[in-house]
Each structure stands twice: as structure tokens, then as C-alpha cells.
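Residue numbering begins at 1 within each chain, and the chains themselves are lettered A, B, C, D and E in the order written.
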Amino acid sequence: MRRLIPIVLGLAVLGLVTGIAAIMIIFLGQDWGDALFWIFASVMIGSALLVVTMRDIIRCGLAMIVCFGSLAGIYVIIGAPLLAAAQVIVYIGAISVLILFAIMLTQTKDAPNRLVFQTQAVPAAIASVVIAIVLALAIGATDWGEAAKRIRITASAMSDVLFNSFVLPFEIISVLLLAAVVGGIYLAKREPGGPS
Amino acid sequence: MSDSLDAYLILAGLLFSIGSFGFLARRNAISMLMSIELMLNGVNLAIVAFGAFGASAAIAAQGSVIALMVMAVAAGEATVGLAIVIAIYRNKKTPLVDEYDSMKQ
Amino acid sequence: MSLENLIPWLVVLPMAGFLITALIGRRLGKQAHWIPVLAIFVVWVIAMGLVYQVLSGAAPLLPGSEDSHGYVVSWFTWIPADRFVVDVGFVVDSLTACLLIVVTTIGLLVHVYSVGYMSHDAGYWRFFAYLNLFMFSMLLLVLASDFLVVFVAWELVGLSSYLLIGFWYRKRSAALAAKKAFIVNRVGDVGFALGIMLIFVSLGTLDIRSVIERIGELDSTVIMAISLLLFAGAMGKSAQFPLHVWLPDAMEGPTPVSALIHAATMVNAGVYLIARTNPIFAHAQSALVIVAAIGIFTAILAASIAMTQTDIKRVLAYSTLSQLGYMFAALGVGAWTAAIFHLMTHGFFKGLLFLSSGSVIHAVHEEQDMRRMGGLAEKIPITYVTMLIGSLAIAGIPPLAGFFSKDEILGESLKLGFAWVWLIGFIVAGLTAFYMFRLMGMTFWGVFRGPKEIWDKIHESPPVMTIPLILLAIPSVFLGLYLGLPLGASRITEWLAPVFEEGERILHGGAGEPAYNLFGIDGVLILASVTIVTVGLILVWRLFGVQIGPIRMPSRPEQVRELTARAPFLYRASLNKWWFDDLYHLLFMVIGGRIAAAIWWFDREVIDGTVNAIGAGTIDAGRGLRQVQTGRVQNYALGIALGLIVMAGSYLLLAAR
Amino acid sequence: MSWQDFVTISPLVAGILAAAAILIVDLIRPGRTAVAVAVALIGLGITAVLTIAVGSGPTPTTAFGGAYKVDALTTFLDVLFIAVIAMTIVFGPDYLVPRGLPVAEFAAILVFAMSGAMLISASGDLLMLFLGLELMVLPGYLLAAFHKSDAYSTEGAIKYFLLGSFSSAIFLFGLAFVWGITGSIQLGVIASDLAAIVAGTAPLSPGLAMGLAFLTTGVAFKIAAVPFHYWTPDAYQGSPTPITGYLSVLPKVGAFALILRLFVEGLGPLADWWMPVVIVLATLTMTLGNLVALTQDNVKRMLGYSSIAHTGYMLVGLAAWASNPAGDGIAALLFYGVAYAFMNLGAFAVIAALQKRAGVTSSLATFAGLGRREPLMGILMTLFLLSLIGIPPTAGFFAKANIILAAVQAGGPLTILAVIVVLNAAIAAFYYLRVIVYMFMRDSPSDTPALRHGALLWSGLAAASVLTILLGLFPTGLLDAASVAAHALDAAGTAAQTIIPALPN
Amino acid sequence: MDVSAIPILTIVTFLPLLGALAVAVAPTSAARPIALGFALATWVVSLLLLVGYLPGRIGFQFVETQDWISVFGIQYKLGADGLSVALVVLTTTMSWISILASFKPIQTRIKEYMISFLILEVGLIGVFRALDTFLFYIFWEIVLVPMYLIIGIWGGANRIYATIKFVLYTLVGSLLMLVAILATAYAYAAGHGNVWTGAFDFEALRAYAGTGGFADGLQLLAFVAFFLAFAIKVPMFPFHTWLPDAHTEAPTAGSVMLAAIMLKLGAYGFIRFAVPLYPSAAETFAPAIIVLSLIAIIYGAIVALVQPDLTRLVAYSSVSHMGFVTLGIFVFTEQGVQGAILQMINHGLITGALFLLVGVIYERTHDRTIAKMGGLAARTPVWAAVFGFFVFASAGLPGLSGFVGEFLVLVGTFVANPYAAAVAAFVMILAAGYLLYMYGRIVLGEVSDFLAALGDHLTDMNPVEILTLVPLGTLVVIFGLQPGLILNLISGTVTETLTVVGPSAPIAIPTTVVVGLLLIVLVLVLARIGWVLLRPRPAALEPEGGAAH
């Protein structure tokens, strides 16, 4: 049962957040965008926290998928639907699956029972909190000279950039992936002589 | 709220720090890898946000294209990383990174 | 060719003799003595020629002087360091002549004597080589015209004395004595060297004659400093208190060496130096007083020690000290002529005494302790007679040589207003007679106290040894008469007048010394000294016996014992040489050694320790920093994160400025 | 993309094609060491020719709207990269083959990494910089793990990989900030924007400060500057020795290329802000590197720490430029990079040669009596070590002198830094000399037989040693090239000040 | 004959290098003759310098200039004045003597030995030749490596500690000097509109310094750096502790070169570079340096008094003697500098010979403990005689070369400060003390049991050994009787040196210097005590017990 607690908690949080969102819309009269942003944001952060805290690594993987999903949602809100799609395809479709496979490959039975955290979890927590605070302060204190309204990114604009000014990087990416794959195959393939 | 750049940036910052916490605190190589992915996504969010609130449509497009490429790179990194994890798992029979300390000082 | 051109040969010949003998002497074996002896003989001939020329006034006048005859030869430039130029040159004036007489004559005789004395020694050739080296150095010393060259010779005689004292190097005591002699001499030499530097710095030249001419230009304190520094050098060479400790030990050397170096010649170098530079000292009268004081103190100190020594050579050594003290006292009071006079007479009779004692030691098979001698008079008559003459001479029995010179010193010091010097010298005269005839008594009279079998084998030394004794005995008798008469205007006085007139003028402001009147003060003084000597003689004869012709007394050991028991402190003090050796040992060996050890500790532990500490500290720092590298990725990552935070903070600060 | 663009990037293309060619040839003729090496060297040769051809053309030329830019610096660095990779490939087989490791993949991945480095040296905007960096380091991770059946190799690799991607994320975040501030990824534009910002009286915005912090951290990690150096010793010790040599040179120099492009050309206007940080980093880096190296008994690990120290020396050159752009700081840095590359590669090659027989460790004891066993090897190692110490007449000496000269020119705090440099050099001498002590003043524990080494290795060593000596005796040529390259950079920087902020195409 | 036509300096400098190459390719059996041959050839050529050199002239002769690293105006510039001619001839002489002397003792790795020895000679000659500060530094460092190998490979039991100490100690100093050299060069360039031409050219720099070109701050710092480098090499108190270790561990020939030539590098550096380039700084620091020299003179002698080991004793006597050199240089008086240079050469000859002689005995007894010796005069008379000769030469006996130099230094010092001279002169006693103590202890007295036990192994000197010492002895006598030979050679150097630092008459020694020194000593002692408390085990430079080989 104990292993369900985080999920229950997660659902509770989810409910709470959606509730707040509903209240925001119905009573405070905020527009849908803000509400969705709020929901996605909280879900993303929540699931991210689960990713880094949960004991069972498989659930971590699942939580990560949730996290990436909600990030995709945020991309939509920010006005980059194409990117959101890419996010879904690349991360949820590729990377997460890859990671889950890896988890399967490297799991030993007794893995979950061991300590989840390093002995240095507390200093780590402090450090990352400090980083977060510093970042937040800096961001808040900075005038980014940003435009008042965000711009929706059309597919055409994106493809234009991608295939005109960024064609070279695009090719480089392919090379990079090629190198990665070649090496990855070499490393992952089991040697006849090597250890099993 | 959804119209302020700061909100997105702070969100990105949070994601980044959570990822870094995971990286610092987790023992399992793969969960560290996942944490790195979280961090990268945080950065991505920042990039996209910067673009979206940029001066022109071109910049906005640039932003999301860059984010796209970052994803690709992340994929590449993940491939390499997982390959290495598998390789070392063969040698050490454990995914727990803090047990890989045969070389120190 | 005139004699002038021969002067360099005086030093060249002995040097040549030294080099040749040193290189091939080993092969010559028992013939090794020919070259050295020959060299010295030639030297003697040349020297005598020079002496005659100079003293008879046949020699040309010295440049820049109206009445002193002599030769000045400059040979070659030694150090041409732009302003610091040193020429090797020679000056032969009457003072040098007097020294030449002593040095070459006794030198020659000792060479001959050694042929016999050393005949059985393995290092025969070595001995003669060293002797020639010494002759070279000594002649250079008395001939040199430049302070620095004198200093060179000064050191070289020290070297040869080192080599000869340590001649029997297998004897640890000999080696130590040699070292002691050299080092104690070095102490004086440092003073001498500093004096020379001061002279150069203040006058810009080191040529003795010009220095003496221009010394007046300097202010009195500088002159004072110069004189004291020079005197320091003299103290070292002439073994004056407190640097006297080396001379008695030097008796470890072969007896001819003691006779030549440590009685007749080298130890006189100090006297010569001060006499040579008399105008400098004349300018610094308080320095002269110090000279007088130290001299006369040494005289009585040494005499008091000599009274109880039992080693025949040590007795003579202390008597040498005492007589040198006389000479310095004379120099101090300004009776320079008297000093040189005593130097010459003492050179001869002390040389005689030493050679005779050598003959005695030879006879009793290298035994030096007088308590194992006695009654040797009948066995070795020649030695006995010569030694008796020597003793009488040193005791100051008229008309032997010692009488005149010593009487001159005492008289002058009283007349020049140094009553205290006279008084002490007066007492010392008595002591001298005492210890000399104690020696005679214990050695030649009474009964033989050594083992029987030796007694049977005792025989007179070979002629090659006895003839030098006889030759030395002659001047011991007549030299005083020859040089010291006529009383008041003695021959030596007029010889040396040109050398000392300058100093005399500065000292007494030209006021010549009071006329000599035999039937006045001087006569009284003569009587007085004769009396004190007689008292001394009678005392010693009553205690240790005597057998001279009609005068016959048995020795009375029990009275001696009684006497020593009555004044135990004085006796022990005298016996232990007033504990000076022990004091120095404590100061320089024990305490000095401790200090040196402490400094070495400082070097090892502190200075080197610091160096090593820095090295080790660095490595320890490395060891410490290693620990950072735990080998765990998360630790590394945390480190990076912290680095990031610090970096962010510092950039924020920088940005805010 | 026009034909001209293609011509401009032809060296890069050639490099990538070379890598591909190696793989293809390996597919056709698997496991043929000689063939793979031959193909690789030919490919590199072509790449070099093209590089020089393009470089000797009119520079600076740009392609793809300024994304790719060839100037004297590019050519200088590219030639160095090609040389380094060629040497590494030459040194590889002697070590790999006895351990049954494939040379073809080795060579191919190396060449990929090289093209990444070339990309950095030629990139004109942030994205290219980032991609180039990744293209350079990803193969690095793979190579570190190349001996995949060896626990040490993989352990070093995973440490390297995890920390590396961590720092990449940080670096990327920094880039994001800069992009956000300036709204452009073009280095030139960035430079001029920042110049405008600096010209304005307002202090730097916190966001920009954060961006700087993240960027500095990222690159500091890549060049292994203290306190971001932790991965270095472990990765170096674990990797197969020839690869350690590679790791100690190419990624480091590549990262410095990144610094030159990003910090000097792009963030140059902010020099006043990052100079103090660089000074502190330099001091920490060289001091800690040397101190810890003092106590190492494993030569590979020791050289790892020493490479950290050398990073510190190079940073001094950077700081010198920052405080006195008119001086020779960058030229000194470049010269140092070249000298360091050859002497370090040489040293590692000797270690690799000693480890020819599998199972031989790289501990100091391995070197005992080497001077007796293999005199030539010993002498070569001595040469490289002396050069690393900085004893004349070797490249290392002149490089160090050059750095010090630049620092002295800058004056002020840099003078103190110069003194720290020489004190460090003295400390360093100790542990380098220890190796010589073992080689010449100790006897081999058991009379291990002298190994036979391939002509390939010898030729590589010959090249390294000759360069090490020649650069010390006649450094003028390289010196001129370096200063030309450096001035190209200055020109770019100054040009940037004048560019009107403009968007790509 | 006219030797100005041929690049004789280059030949002299690099002939040994040629020899090294020849040895490298030749078979081991031929190593010795080839090495000796080249050393002798170098010697002969260097004698041509004596022939061709025109003494008494200001400035350098045989100058060869060749652009090298034009970017910074670094040149390959060689030249010689009297001082360097004298020192180079000394170097070449000692080199072939040492090579000859190491024929018998060195039996392992002969090729490597000879090669390092010849390279050492290259470096040494180069240092005395270089007229370009950068080139000078390069030669300066080149000297280190072969010496490091010579001590480390062919040395005694504790050789590794000694050799590493030697190298690190020297390196620290010389690296700081490098910074100073570069800073000076830059100051020059900056003073000439950032034109580097001549920035490393010694003559240009000296001229510029003469015009007061270098700021005082730079002068002080640079001089301190140079001072460290040279003071460590000399070695001056308190930087001397590497010397005894190096001497005790080095092979005989190594010790000879170390004592005879390498110690001179520092003194040469002072005269050639430190003083002319930074005159005002030199005058500022002179009192302190004088005090240090006095300490070195007395201190070295006192420590020598209690040394149990022959080589250590001679090493500390070197410290004392070299103190005279630095003293003479920094009193800035004519006699002082002349004496210093004489002392350099004489110390080279005499101490070199002493080490050779100690080596002779060591080779037979494999021991240098004074306490074990005794009565050698009886067993090895020739050795005893020669040893005695050099012992007295070292004690500064007049007529031998040691005396003149010392006395000139003393006179020069007396001009500047009589009390300093008095202190220095005091060493005459101490020197006699430790030298005669040693001589009496090992040569005189009865044959010690240790030596007696050796039986016939303890043979007297063989012809080769005598051959190595004859030239030294001859020179000692010649220079003792005719110091003018050297004085004329170096007069130009002396006047030139003194033109920049005027013989500023009496140099007062401020009490602050003395007090400061005492304070430092106190601090060090306390530190040492603290060290003992904190870290009982003795600090070793070799962490992994490499010291105990």
C-alpha cells in the first residue's frame, strides 16, 4: 500500500490545482490561458519533484513522462504548438522509452530496497534551493526588454528558419547523432570475449 | 500570468534546480540521467520563452528551432549516456554511481 | 758584480735548496744535507760581505738619508692592482745587518749541527728541506722593503715553524703543538694584516721607508691604532703574553729547530718589526707603554714558570720568553738599541744553550726530564763547558755577552723614567740566574738519577755537533765586549744610530740621553744587578748544588721540598704555568666547541630544517588536497554546484559595483 | 547555401567524410588496422590541405550568414586539431590492438570529435558553438569508455559523461540568458550589444551576471579549471592511455577555442567583469593541480593533475589579454596550447608504449630503470618531461616564458600571477623529476624485457619530440602565426563594436 | 695571431656538444678517449681566447650577434670581456681535468656520464659568454639538467634527496630571475615605444640602465629576483644548505665542477648582470648583502670546524670563501672587485683540487669520515704533501694564489667599512683552525686502525691522479706570485663595473639590517621548535621514501 501513497498524493495535488484553476476562472474571471498555465505548471513541477524523489525508478520514469507532457502543454500556451509536438515525439516517444528500456536492462531485484539518496542529499537540497532562489531573484530583478505580447510561432516561420539560416546546424545535428549512434552501438553491443 | 516572461523563466529555473537536485542527490545512474533531462528541459523552456517574447517573429522562430536542436542533442546525449551505463553495468553489476569509486584521490 | 746584485741570492739560494731537496732529497738519502748546507754557507758568506759593507760605512748612502748607509734593491712587482701596488724589494741597512749576523751565522751552525743530530732520522732530507725553507722565509722577513712582503715572510716562517715543530708527525703531541703554534701565530697575524690595511688605506703605500717618512701626516689615533695592530703581530711571533702559550709546546720539535727558530731567529721577528717601525711607535707613546708593560710582565711570568719546570728544553723555552720580554720592555721604554743588542747576544747564547741541551738529550738517549739526569759534567765535558758559558752569559755575569745587553736594558729603562720596568727587570735578573743554575745543577752536577745502563752508554757528541757549540760559545763570551764597549758610546749604538735617530728625535724631542758616567748612576746600577745575580746564584747553589772549580756545594732536595711546602700556591702556579693552557683550553676548545656545535645544530635543524619544512609542507598540502577527490560523482557534482553558486554570487557582486 | 559557402566549410565536410569513410572501409574490411589508419591519415591529410587552402584564401570569410566563419585563428586551431588527431591515431594501435580494441571505431570517433573542435574554432554564433562543443565532447565520452570491458575505463567514462552533461546543461542555460539579453546568437551582434550596454552607465543586469556565471562555469568545467576539475584525474586514469593523451589535449584546446570565440570575441566587452574571475580561477587551478600532482604515484593520474596546472598557465594568458588587449596574451595562450599539445601527447605516447603488454600499470614503478631498459624511450620521456617543467631549450620553456611575458606586459595583479606561475613551475619540477629519478636512478624490479614498438609509434614520437625541440629553439614561425591568429580575433572583436545590431537574413 | 675572424666563441661553446654527439654514436669503449679529446680540444681553443684577447680595453670582444627571436628582439649574442675569458679558460681546464679524473671512479654508464659532462661544459661556457639576457637564462638552466643527472645517477647513497634538493632550490631562484629578465625587457621596450629591438641585449640594457632608464620599483624587485637566483648559486648564507648535501653525494668530478665552476655562476651573475643593470637597487641592498657575506664567511668557517665528514668540511669552507667574493663585489671598491674576481678563480683551482684529493682517498677507502682517518702521511706521502700544499693554499698562505684575492678583498672592504674588514679578517684564524685540524687529524699522527686494515688497497697517488693535480698546483703558485696575470685581464671589467656603482666611500651598515636579521633568525628558530612539536618525523623531500635508495 505504501507504494501507492505518492500517487495518491499526486492525485490529491492534481485535484487541488485543478480546483484552484476552476476557482480562478469561475470567480476571479481570469482567462483560460492563465488557468491552463497554472495547471500545467503545477503538474510539471509536481511530477518533476516526484521524478527526483520517488523510490521506484520505474515510476520515476513514468512521472518524467507526465512532466514532459505538461511541458509540451506549456509550449502550446506559449504559442509554439509545433515545438510541443516535437516535445511529445522526441521526449515521450524516444528518450523516455529509451530510458525505460535502460532501466529494465540495469535493474537488479534488490535495487529499490536500497537507499534512494546520496548521503549528501541535504546539502544537495540546500544547494539547489539556493540556485533556484538566486535564479528567481535575478530573473525578477532583470529587465529583459521583452515584448509586451508573446508571438505565436507559425510552422512556416519555423521551417523558414530551420531550413534557411539554420541549415548548417541542422546538418551538424545529424552528424552528431551519427557519431553518438556509432559509438553507442559499439559500447552497447556485447563483446564475444567481454563480460556478460 | 501566462503573459509575463518572468513567469516562464522562473518556471524554467525551478525545473532546472529540481533537475540539479536530482542530479546531486540520486544514486542511480539512470535517475541522474533523467535529472539531466529535466535540467535541459528547463533550459529549453527558457529559450522558447525568450524567443516568444523576443523582438520579432524571426527571433521567436529561432527560439523554438534552437529548442528543437537542443532536444536532438539531448537525445544524442541520452544515447551515449545509456550506452555507457549499460557498459559499466556489465562490469560493475550495479547502477549505483556512488559505488563507482575505485579511482579516487 | 757588486754585492748589491747578490742580495736577491740571499733568498733565492735557500729557496732553491728547499725545492731541490724537497724534490730529489728522498733519493739522496744520507747525502741530502750537502745542498742545503752549501746554500746556507754561500748565503752566510754573502751576508757577511754585506754586513761588513754596511756597518763599515762602505756601502752607499740610502736614498733620502744623510748618514745611514745601505742598499735598496727592488726586484719585481708582485701585485699590480691599479692603486694597490706591491713591489718585492730589499733593504739592507745597519738594523738588517745586525739581524743578518744572527740569522745567517746561527742558521749555518744549526745546519751543520743537524748533520750530526738528525743523522739517524728517517726524515733526514725532509728536515733539511724545511730548514732551508725557514732560512728563506726568515731572510725575506728581515730584508723585505714592503710591509706586505714582510707579512708574507711572517706567514712563511710560521709555516716552516709549523712543519718543523710537527716534524715528528707520528707523535700526536708534536702535531698538536705545531697546530697550536700556527693558530696562535695567526691570531697575531690578523692584527698585523689589519695594521697593514690601515696603513694602506691611510697612506696609500706599503713601502716601509716611505710609510715611516710620511707617518707624521696621520692623526694620533690612527697611528695609535696602527702601532697596536703591528704590536699584535709582534706579540704573536715573539710569543708575548697572552700569546705566549705556543712557544713552550713548540719544544716538541727537534732541538736544532728549537735553537734556530724558537730561540735565535724567528721569535725575534717581533722585536725586529717594532724596531724597524720605531718612528711609528715613537708617535704613539701610550702604545709604547703598553709594549713595555706586556714585555716586562711576560719576562717575570716566564721566569717564574721556568723556575719549576723539569723538562730541560721547557726551562730554556720559558727563559727565551723571559728574555724576549726584556727586549720588548726595552723597546717599550724606547731603548731600541739595547733591545737589538740583547736580541743579538741572546740569539747567540740561547742558540748555544739549546744546541748544548740537544747534545745532552742526545747523550742520555732522548731523555729530556732533568730529574733523570745529573752529574753529566764528567761524561760530556765539552757540552758541559759550553753550556756553562751559555748559562753564565744569560745570567748576566760580567763580562759575558748577557751582562752588557741586559745591563743596558735595565739602565736605560731606569734612566728613561720607567722605574717600575727597571724594578721588575731587576728581580727577573735574579730569577734568571736562579733557574739557569738550577738547570745546570740538576743536569751536570750531583749524581746521575737515571737508569744505570744509560749511564754507561753516555758519550760526548761527534765533532760535527760539538764544533758548532764551541763556535757559538766564543761570541757568547766576547760579543758583549765587542758591541757593548766603550761603555756609553758603544759600537752597536753608533751602528744603529741612523736607524733610530728618527724615533729618538720624536720621542725625546732631540734631547739626547744623559751622559754615561761609570762612577755615578750607571755604576750603581751595574753593582745592583751584579748583586741581585749573585744573590740568585747563591740561593740556587745552596738548593741545587754547584761544582765549578773551587766553588762546590751539594744539592739539598729536602730544603727544596720544604721551600715548596712553604709557598704551595706559588709553587703550583709556577708548576702549572699559571694555568694559562688550561684557561685557553677551556675557552677555545670546550666553550668554543660547544658554540660551534650549537651553530651547526642551527644550520642543520633551523636553516636546512626550514628548507625541508617548506618542501614537506608543500607535499603535505598536496596530501590534504587529495582528499577532495573522493571518487564519487555526486560529491564532484556538489562541488561544481557550489562553485556555480559562488561564481554566480561573485558575478552579481561584480555586476553591482 | 551557395557554392562559396560549401567551399568555405569544405574542411569540415572533409573531416566528417573522412570519419564516414573510415567506418565504411571498416564495414568492407573489418578489423584491418593498417587500412583504417591509412584511410584516416589520408582523410586528415586532405582535411589539412583544404584547411590551409581555405585559410590562405581571403580571410575572414563567412558562410551561412555568419554562422560559419574562417579567419586566421580558425586555420591556426584547425591545423593544430588535425595534427593532434593524426598523432593520436598514430599512437593508438600499439596500445589498442594487443587489447583487442577496434582501431576503426577509435579513429572514426576521433575524427568526429575533431570536426566538432573545428566547428568551434569556426563558429560565428552561439548555436554553432554549442553544437560544436557537443560534437566534440560526446565522442570524448565514448572514447573514455572505449575499453568497455575494463572497469576503470567505463567508470572514468561515466563520471566524465555525467558531470560533462551536467556542465553542458549549465553552459546552455548561460547561453540562453545571453541570448535573452541580446536577442541575437550572432557573436558579432552580441559583442556590439554588450559594448553598448557597457558604454551605458547602468551596471550589468543581474540576468547578464547570471548568464556570465553559468557560461564561465560551463567552460571552466570543459577546460578542467579548479574547482570544476574533478572529472579530470579519474577520466584520465581510467581511459586507455592513447585516449588519455587525446583527452588531455584536444577537448582542452577545443574548449579554449570556445573561450576565445565566446568570451573574447563575443563577451569581450565584459572583459573587465570576467577578468578577476579568470585570475582567481588561474591561481586556484595551477596551484591545486601542482600540489596534488606532487603526491601521485600513478603517472597517468599525475599527468592528469599536471594538465590541470597547465590549464592554469593558459588561463594566465587569457587574463593577460583581458587586462591588456594590446598585449600578447592570446598569442601566448595559443603558443602554449601548441607546445602543450605536443609535449603532452608525447609523454602519454611513451606511457602507452610501456603499456603495450596488457596488464602493465602506469604506476611510477613501471618506469623504474627505463633509462637502462630502453634508453631511447627514456631519453624521449625525459625530453617531454623537461619540456613540461619548462627547462630550455624546449617548447615548454618558451611557451611559459611567453605567458609570463604577456602577464608582465599586462602588469598590475598579473605580475603577481606571473610570480605564482613560476613558483608553481618550481613545485611542478619536483614531480616531473621524480619520473626521471625512476627512469634513470632506479633499477628495474625484475629485468623486464625491452618491448618492440611499431614504426608508426616511433614516427609519431619522432614528430612530437622534434616539434618539442624545434618550437623551443626556433619559435619565431609559430610565434608569428599565433600573433596573426590573435590579431584576427582582435580584429573580429573591434569589428563587432561597429556592426549595427542586425538580424540574420 | 688574429682570432677575431673566426666565430671562436661559438666554437668554444659548442665543441663539447659535438663531443657529446660523438660519444653518443661511438661505442662505449671509446667514450672516455673521445670525451677527453673533445674536452682538451675545447681547452686549446679557449686558450686562443687568451692569446687573442686584448686586455685593458673597455667593452666586449669577439662579439657575435645573430637575430634569433626577432619578435621580441631576442638575439644569439656572444661576447667576452676579461672576466669571462678568465672564467671560460678556468671552465675548460677544470672540465678536462675532471673528465680525466673520472676515468677510474666511473665504471657504470660511461657514455651517459661523458655526455652529460660535455653538455654541462656547454652550459657553463655558454653562461659566461651570453650577452643576451634570454640566452643567458637558457644556458643557466641547461646547466641544471646534466648536473642533476650526474649527482642523481653516479652519486652516493643519499643522492636522490641531494640532487632533487639541488635542482628545486636552484630552480626557484632562477625562475624568479626569468620573470625579472622579462620584466626588465618589457620595461626597456616600453621605454622605447614598444619596440622590442635590444630589449634583451645586455649592452643596450646596461646603457639604458646607465641613463637611469629603469624605475626604482622595477629595479628593487628585479634585483631581488636576480639576487635570489645568484645567492642560491653562490651559495650565500642562508641559501647554502643544498651545497653540503650536493657535495657529499656527488661523484668526485661532479663535486669538482660544482665547486670550481658552478658556484662561480652566481658571483659572475652579480658582477655581470645584477649590479650593472640595477645599480641603484644594488647600492640600496649593499649593506644587507655585506652583512650576509660576513655571516657566511664566519659562519661557514665555524660550521666547518665541527664537520665530521671531509667533503662537508670542504663544502662549508667553500661557503666561507665564496663569502669573500660577494663581500668584495658589494663593497664597490676597486680592490674589492679585483679581489673578488681573483678569489673566484683561486677558489676554483684550490677547492677543485681539494675535492680531487678527497676523491683520491675516497676511492681507496670508500669513506670520508675524518674520525676514521689518521697518519696518511706515513702511508701515502705524496698525497699528503700535495694535500698539504692545497690545504695551506686554501688557508690563504701568502705566496699561493689564495692569499692575494683574500687580502685584496679585505683591503677593499677596509676602505668601505673597517669593522667589516676586521670581522672578515678574523676568519684567517678560523680557516687555519679547521684546515689544520683536518690536516692534522687525517694526515699526521699514527696510522688509524681503519686505514691499517685496508692494507695494500691504500696506495699512493697514481700518475694519472698526479697529472690531474699538477696543472692546478702550478697555476696556484703562478697566480700566487704573479696575480698581475689575472689583474691585467680583468681590469676592464672592474672599471666598467665600478662606473655604474661609484665607489661610494664608507658604506655604513644600518643597525636595522642586523636587527632584522636577528629577528628573522629568532622567528626561524621558534618556527623550527614549533615544527618539532607539530611534526616529529623529519621532513623528507621524497614522499615515497625515495631518499633511502
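As a convention for this text, a contact is a pair of C-beta atoms (placed from the backbone, for glycine too) under 8 Å apart; a residue touches a chain by one contact, two chains touch by 3 or more.
The model shown is predicted, which means the values in this text are computed figures rather than measured ones.
Trainee: Which neighbours do chain A and chain E have in common?
Mentor: Expected: C, D.
Trainee: Could you tell me which chain's Cα centre is nearest to the average position of every protein Cα atom shown?
Mentor: E
Trainee: Find the chain most remote from chain A, comparing centres computed as mean CA coordinates.
Mentor: Taking each chain's C-alpha mean as its centre, the farthest from chain A is C.
Trainee: Need the most distant chain from chain B, centre defined as the mean of C-alpha atoms.
Mentor: Farthest from chain B by mean C-alpha position: C.
Trainee: Please find the two chains that have the most C-beta pairs touching each other.
Mentor: Highest contact count belongs to chains A-B.
Trainee: Find the geometric centre of each of chain B and chain E from their Cα atoms only, then give the gap between the two centres in Å, rounded to an integer.
Mentor: That gives a centre separation of 64 Å.
Trainee: Just curious, how far off is chain C from chain B if you go by their C-alpha centres, in Å?
Mentor: 99
Trainee: Could you put a whole-Å number on the gap between the CA centroids of chain C and chain D?
Mentor: 80
Trainee: What whole-number Å value describes the gap between the mean CA coordinates of chain A and chain C?
Mentor: 106
Trainee: What residues in chain A touch two or more of the other chains?
Mentor: 118, 120, 123-124, 127-128, 131, 134-135, 138-139, 144, 165-166, 169, 173, 176, 179-180, 183-184, 187, 194-195
Trainee: Which chain D residues reach two or more other chains?
Mentor: Residues 127, 131, 134, 138, 141-142, 145, 148-149, 158-159, 162, 166, 180, 183, 205-206, 208-210, 233-234, 294-295, 430, 504.
Trainee: Quick check: what residues of chain C touch more than one other chain, meaning two or more?
Mentor: Only 615, 619, 626, 629, 631-635, 637-638, 641-642, 644, 648, 652 qualify.
Trainee: Which two-chain combinations touch?
Mentor: Taking the chains two at a time, the touching pairs are A-B, A-C, A-D, B-C, B-D, C-D, C-E, D-E.
Trainee: Within the complex, which stretch of chain E touches chain C?
Mentor: Against chain C, the touching part of chain E is residues 165, 168-169, 238, 240-242, 299, 302-303, 305-307, 334-335, 338-339, 375, 377-378, 392, 397-399, 403-404, 407-408, 410-411, 414-415, 418, 421-422, 425-426, 428-429, 432-433, 436-437, 440, 443-446, 481-484, 487-488, 491, 521, 524-525, 527-528, 531, 535, 538-541, 543.
Trainee: In the complex, go through chain D and note every residue touching chain B.
Mentor: Contacts found on chain D: 127, 130-131, 134, 138, 141-142, 145, 148-152, 154-159, 161-162, 165-166, 168-169, 172-173, 176-177, 179-180, 183-185, 233-234, 237-238, 301, 503-504.
Trainee: Which part of chain B faces chain A closely enough to touch in the complex?
Mentor: 1-3, 5-11, 13-22, 24-31, 33-35, 37-38, 41, 44-45, 48-58, 60-65, 67-69, 71-80, 82-87, 89-91, 93-96, 98
Trainee: Sort out for me which residues of chain D touch chain E in the complex.
Mentor: 294-295, 297, 364, 371, 386, 391-393, 397, 401, 404-405, 408-409, 415, 418-419, 422-423, 425-426, 429-430, 433-434, 436-437, 440-442, 475-476, 479-480, 483
Trainee: What residues on chain D touch chain A, complex-wise?
Mentor: 1, 9, 16, 19, 23, 63-65, 67-68, 100, 102, 105, 108-109, 112-113, 115-116, 119, 127-128, 131-132, 134-135, 138-139, 141-142, 145, 148-149, 180-181, 183, 205-210, 504-505
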